[in-house]
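Listed below are the structures to be examined.
First subunit A sits with subunit B, and in the next complex the same chain sits with subunit C.
For the complex of A and B:
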C-alpha cells in the first residue's frame, strides 16, 4: 500500500519512511497540507480514511514545530502520518476543518498548547485545554521554554 | 442527625473523575460489580447527582475540573459526603505542582474519607465507604479496639 500511496501523492511528498510496521510517514510542505487532504479524498475516497488526531512537537534546538496528522486508512488497515515542519517563530498551517469537521479538537488543542495558527479555522481560541490563568499570560505550555 | 441515620442504610454514590488516568475509575467500577456485591451495604450508583449521598472523587483536581466539582457538590442534597479515591485525589499525586492542577480534592470540597492507593483495590474503596457509614453511626470509622 505504501508504494501506491506515495506514488499517488508524489507531487507533495518531500520524504517518506516507515515509523513502524503499518505506519507510514509522509513529509509534506506545511503550506500543502490542505491540498494533500483533498488529494487523499480523491485517491482513497472520502469515507475510507479518518483523521484520528493532530500532534504537535516543539523542537527548539532546530527552531521548528513538527506537526503530525495521524490518519487511519480503513482499507489498508494501516496508519498514515502526514508530517510537516513549521518555523517556530511563525507557525502557520492551513486548516482542514472545512474538509474534515473532526479536526476541530486536534486543531484547537495544538493551537492552545503550542500556538500553531490554523489558517481558516474560525473557531480557533485559547483556553480549550489550558486554564485561563496560564492562557491569559500568552503562555503555550508545550513549548519547551514556556516555563510552566 | 435523623437524616444522616437514614443514609447509612443506602448510600448512593456519585462518581466524578476530575482528571484521573482512569485507573481509579476502573477500580471504582469494579467495586460496584456483583463480584464485590456493594448492594449488601445498600451502596449503588445514583442516577443523578441530585439523588446522590456520597461523592466519589477520583483523580487530581485540575483547575478546569475544580469549578465543575464545586458545582456538582453544591447540587447534591444535604447531608452529603465526599470520598477521595486514589493518590491523586488525596494530594495531587504525581501531578502535584503541575501548571493546570489545583491539587487534591480537599482543596475544593470537604473530604470525609481518603482511600489511598494507585489505584486502590475495589475492597479498599468499599472499605472507605463502610468506614464513612461507621463514622455516621458515631464511631471513628475504625475497628472496635480490644479491651
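For the complex of A and C:
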C-alpha cells in the first residue's frame, strides 16, 4: 500500500518515511496540498478515506511551522500523513475546505491556536477556542514563545 | 415613474438559541437556530464554553503525569483517552505490554463503551419524552459502572492504563462478579432494544430525524456510530487492531439509513458486541503479570513522534505525541470524536423541525468537555440566504 501510494503521488513527494506505528508520512510543498487531495481522490476513490484531523507544530528554532494532515484510508486499513512546512513569519497554506468540508474543525482550531492562515476559508476567526482576553492580544497559545 | 424612498427589510428568519444550558446532555453547547416557521434553515454551532487548554498543559508536564491529565479530558471515556496516549508513548519507547494486560485494557474499554452507549440511549429516550425509560436505562448502566469499579477500582475515573501494562490485576472472584453483571445487563439491553424497535412514539421521533447520507458522512469527516449509522464501515478497532483486538472476535455494526434511529440501532448492536467481548475476555484471559514495575520505566524519552488511534464510544479518537528527547512531550495533539461529529455536522439540522433538533444532537452523542471547541455555519448553503420570501417554503435539502 505505502509503496504504491508513494508511486502514484510521486510528482508531489518531497520525502517519505514512516511515523510510529507504521503511519506513512509524505512531505509535500505547502502550495501543492490541494492538488495532492485531488490526486488522492482520483487514485483511491473519494469514498475510501476521510480527513481525520489537522495538526500544527511550532518549530521556532527552524523558523517553521509544520502542518500535518492525518488521513484515514479506512478501506485499506492504513493511515497517511501529509506533511508541509510553512514559514513561521507568514504561515499561509491554501484551504482544502471546499474539497473536504470535514477540514473545517481542524482548520479553525489550527488557525486559532497556532496562527496558520488557511487561504480561502471564510469561516476563520479568532476565539474559536481561545478566550477573548488572550486572542484580543494577538497571542497564539500553542506557539512556543507565546508565554501562555 | 415614482422613485422609491424607503427600503423595507423583512427578517428572513427567526433566531432561536438552544442552549448553552442543557441542549441535550448536561453540558454547555449553543445551537443558534435560524428557523422559518417550524423548519430549521441554518444552524450555528457555538462552543468554546469548556476550553481548558489541555494540549498546552500536556507540553508543560512530564510524559507520565500527562497520563492522568489526559484521563481527565473526558469523564465518560477516560480509559480510552488514557489508553490512546499510553499507546502513543509505548510506540515511542518500543514497549509491548504482556498479553494479559492487553486483554484487561480491552476489558476496561469495552465496559466503558457499554455504559457510554447506555447513557446516550437513555438520553435519546428522555429527549423523545420517555423519562421512565431514561431512569430504567440509567439504573442498569449503574451495574456496568460497578463492574468497572470492580476491575479498575473506580466507577468513573479509572486511571487504569500504565506504560507497559495496567495498574491492577484481576482475580477469579472479580472475574465471576463482572461476568455475572454483564450477563444480567445484557438481558435488560435486549428488552430495551425491543422497546426502541417496537414503541410507536420512539420510532416516530427518531426515524428520519437528521438523516445523513454516506457520502456526506465521509466528506464531513464524521466518525464512530454516526458514520456507521450512515453505512460507513469504519472502526479503529478493526483497522488498527491495537491491544488485543486482533485476537478477540467482534463485528463492526453498520446501518444504512443514516437517521437518528439508525444511530441508536448501531449503538444497540455494539452493546451486544461489547458484552460478547467482555465474556470472551473473562473466559480467555491469558496468564502472566499485567502490572509493570514503574521504577524500571525510562524517565527520558527518545526523540521521535507517534500517532495512536482508538475507537472511543463516540468514534475514532486520535493522539499525536512528539518528543524532542527529554522528560516532557514537545507537542501533544488530541482530536476527540465529538469535535468532528458536532462541529462539522451543522448541515444535518437543515430542513428539520425545531422540535427534532435536540433529538438529532442527542443522536450524535455530544461530549462537549471532550471537544471544547467554535462558530460554524452551514457549509453547503453558505452564510447568506438571498432568496425571495415565496421560496422559503420550498427550501430543499
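Rule of thumb we're sticking to: the second predicted complex is superposed on the first by the 146 of 148 C-alpha atoms of A that agree within 3 Å, B and C clash if a C-alpha of one lies under 4 Å from a C-alpha of the other, contacts with A are read in each partner's own complex, and residues count from 1 in each chain.
As a working rule, contacts are C-beta pairs under 8 Å (C-beta built on N, C-alpha and C of every residue); 3 or more make two chains touch, one makes a residue touch a chain.
Being a predicted model, the structure only gives us computed values, none of them experimental.
With the two structures aligned on subunit A, subunit B clashes with subunit C. A count of residues in subunit A touched by subunit B and by subunit C gives the higher number to C. Of the two partner chains placed by superposition, A:15 touches none, neither subunit B nor subunit C. Applying the stated contact rule after C-alpha superposition, one finds that A:148 touches each of subunit B and subunit C.
Applying the stated contact rule after C-alpha superposition, one finds that A:137 touches neither subunit B nor subunit C. Shared interface residues of subunit A, touching subunit B in one complex and subunit C in the other, are 129-131, 141, 148. On subunit B, the positions that touch subunit A within their shared complex are 62-64, 99-100. Across the complex, subunit C is touched by residues 19-21, 23, 46-47, 49-53, 55, 57, 68, 70, 72, 74, 77-79, 81, 97, 100-106, 108-109, 113, 122-123, 125, 127-131, 141-142, 148 of subunit A. By the touch criterion given at the top, residues 48, 51, 53, 55-56, 91-92, 214-215, 218-223, 232-234, 238-240, 304-309, 316, 318, 320, 322, 330-331, 333, 335, 339-340, 343-344, 372-377, 379-380, 383 of subunit C touch subunit A in their complex.
Looking at the complex, you find that subunit A touches subunit B at residues 129-134, 141, 148.
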